[in-house]
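The structure that follows is given in the form of structure tokens.
A, B, C, D, E and F are the chain letters, set down in written order, and residue numbers restart from 1 in every chain.
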Amino acid sequence: MSGMLDEWIQKRQAANERVLSHGTLTTKRFFALDGQAYDEGKLPAKTKELMGLVASTVLRCNDCITYHVLQAVKCGADQGEIIESLDVALVVGGSITIPHVRHAQAVLQEIEERGGLPAGW
Amino acid sequence: MSGMLDEWIQKRQAANERVLSHGTLTTKRFFALDGQAYDEGKLPAKTKELMGLVASTVLRCNDCITYHVLQAVKCGADQGEIIESLDVALVVGGSITIPHVRHAQAVLQEIEERGGLPAGW
Amino acid sequence: MSGMLDEWIQKRQAANERVLSHGTLTTKRFFALDGQAYDEGKLPAKTKELMGLVASTVLRCNDCITYHVLQAVKCGADQGEIIESLDVALVVGGSITIPHVRHAQAVLQEIEERGGLPAGW
Amino acid sequence: MSGMLDEWIQKRQAANERVLSHGTLTTKRFFALDGQAYDEGKLPAKTKELMGLVASTVLRCNDCITYHVLQAVKCGADQGEIIESLDVALVVGGSITIPHVRHAQAVLQEIEERGGLPAGW
Amino acid sequence: MSGMLDEWIQKRQAANERVLSHGTLTTKRFFALDGQAYDEGKLPAKTKELMGLVASTVLRCNDCITYHVLQAVKCGADQGEIIESLDVALVVGGSITIPHVRHAQAVLQEIEERGGLPAGW
Amino acid sequence: MSGMLDEWIQKRQAANERVLSHGTLTTKRFFALDGQAYDEGKLPAKTKELMGLVASTVLRCNDCITYHVLQAVKCGADQGEIIESLDVALVVGGSITIPHVRHAQAVLQEIEERGGLPAGW
């Protein structure tokens, strides 16, 4: 799955542009709020991104998992912290989350193999 | 809803005893694993309990929310940290989680009103 | 279940006040957005409330169903329109939604029996 | 929770009568189909009822769990078979299903305590 | 993603033929009922298809979203109506639905680019 | 979709190796438990695999469906039994499961066309 991330980033950006350029004020406000929820506050941004990863895993959304793994790494989370977060999701969400734990590991593996986050993330 | 917690704790304990006394080895192992996932590790136990709260809120389980609010408070989480965790859940999970955010606040309110966690928690 | 609605309205209002008075700017903005999504636009408010009812039924949230039935009736939806909306939800969401279709009918029945919406709704 | 079943059966019947008397042809056909799916076929009715129990547990619907425990017992399932079915659901669906496994055990306990299924089931 | 629709339509038809030719009477009846739920009634077919779109988005099924966007357009829904429907789904279902709102926009974009619905839809 | 299974098996195995080699004791224990839940017990292994299929279909996980169809066939389930299991899932889970019923049939079709399970399964 090497190279998955560059294509994913490009498609996601194009798709978000389409959604926002065609969206209503409600659409735009929701997207703004979605950013603010992860801002540094009483909890560190890293913790919130890991929470986003847990939520994405129990709700079983690979696209969201890719995003929050990238964001968690950007905020300084290491592999051990990400894996313990996935353990919480696995136990809460059950074996139905296993394919999504695999996906999170595939994202981690690509980050490892390319020696860090994609340029510009 | 004052007094909700004492009855909830008592019923939960009786129900868990029934499940475990009638359960198989698989049942018992699952319950043991459910405890271990929240143990202090590379991430603090407090963070993991807040992750459990976020997962429970997006999956919309009031019983699980009650448990993780109590556990998070026990591990030292303050109201501000719990509320920011609920914000992450609210934005990820949408307005369908609002009744569950209300429930989490009702648990917080009872803890406030009784001046702390129920005895023995 | 007669009288269910008065208590439900009172509890919901108190709980929302707690959530908003203790919430962050993110919490408040989410609640505002949740209102705007149902405003009259290119689609009538009635249609949007019925969509909210369908979404609430397939996601199986009785609290949300009570709210959207009340709102749909307020926007002029009649029983036939509400029941056809519930049919869409039933077929999309399957038999697991049946307890929630029953709940929607219980709300409709109480509105019928009291001769209209609760005062002040 | 002793006595839970008699009230549950009575309320369910009244609510189903309301749904069917006010429903469309689509509503009625869905309810008929919901019955047929569990009829004896290449798989025994008992197996299908236990499958309905597993599905209800991973989808986390207590009302549906009560129904399928009663039906499974009626079709001859014993406690050991029901508990192994709940184990499958617990592992597939994770700790979020625990409150529903507790509910299933509460139904089993009431059946035990009253010495069998409610009269007329 | 240009050309996505032709392949999607062809695969869907082949897969449905397999399901129906190998299915039981229950399978066939369910498929028939699935069609009837969207028939013109007290609510216009267009409204029901938009409800199907909202339900598919909050339940996060891209395949179902593709189908209901095509059906809604066929029944006369314009982009503004479809986007407001997606807004309701986004606010009810939260940020976890964003990848599916992107998918709905990709379907709309292909319809735009090819100047209308695929031939024969 | 011919040939889908060989690639799927290979990718799954590589991904599981990554998850387990990087996982914690909690991860490994969960995977062990996931195996044990389907062991022959008071219910036959075949029945448990079909239950896993029903759970995977109502929770809408194609990866899990592929696995449980293969396992059910290995345990001796024939097409008629698998299709009746899918009917239970379809009625419980609604039309949103249809794309996943199609997927299960695609797996069955490939098994048919290759004259049995993939070598080594």
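Here, contacts are C-beta pairs under 8 Å (C-beta built on N, C-alpha and C of every residue); 3 or more make two chains touch, one makes a residue touch a chain.
From a predicted model like this one, the values you see are computed outputs, not experimental measurements.
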Where centres are the averaged C-alpha coordinates, which chain has the largest centre distance to subunit A?
D
Which pair wins on C-beta contacts, C-D or A-B?
A-B
Furthest chain, CA centroid comparison against subunit B
E
Identify which chain pair among C-F, D-E or A-F reproduces the interface of B-E, meaning that over half of its contact pairs, matched by residue number, are the same.
C-F
Centre-of-Cα separation between subunit D and subunit B, whole angstrom:
27
Give, as an integer number of Å, the spacing between the C-alpha centres of subunit E and subunit C.
24
Where subunit A and subunit C are represented by their mean Cα positions, the distance between them in whole Å
32
Where subunit E touches two or more other chains simultaneously, the residues are 24, 26, 30, 33-34, 37, 41, 55-56, 58-59, 64, 84, 87, 90-93, 95-96
Chains as vertices, touching pairs as edges: which of line, ring, star, complete or other describes this one?
complete
Touching residues (chain side subunit D, partner subunit E) in the complex
24-26, 29-30, 33, 36-37, 41
What part of subunit E is in contact with subunit B in the complex they form?
58, 90-97
Mind pulling up the subunit B residues that touch subunit C in the complex?
60, 79, 83-84, 86-87, 90-91, 95-96, 98-99, 101-102, 105-106, 108-109
Parts of subunit A lying in touch with subunit E, wherever the complex brings them together:
12, 15-16, 18-19, 22-24, 26-27, 30-31, 34, 55-56, 59, 61, 63-64
Residue positions on subunit C within touch of subunit E in the complex are 33-34, 37-38, 41-43, 47-48, 50-52, 54-56, 58-59, 64, 78, 80-81, 84-85, 87-93
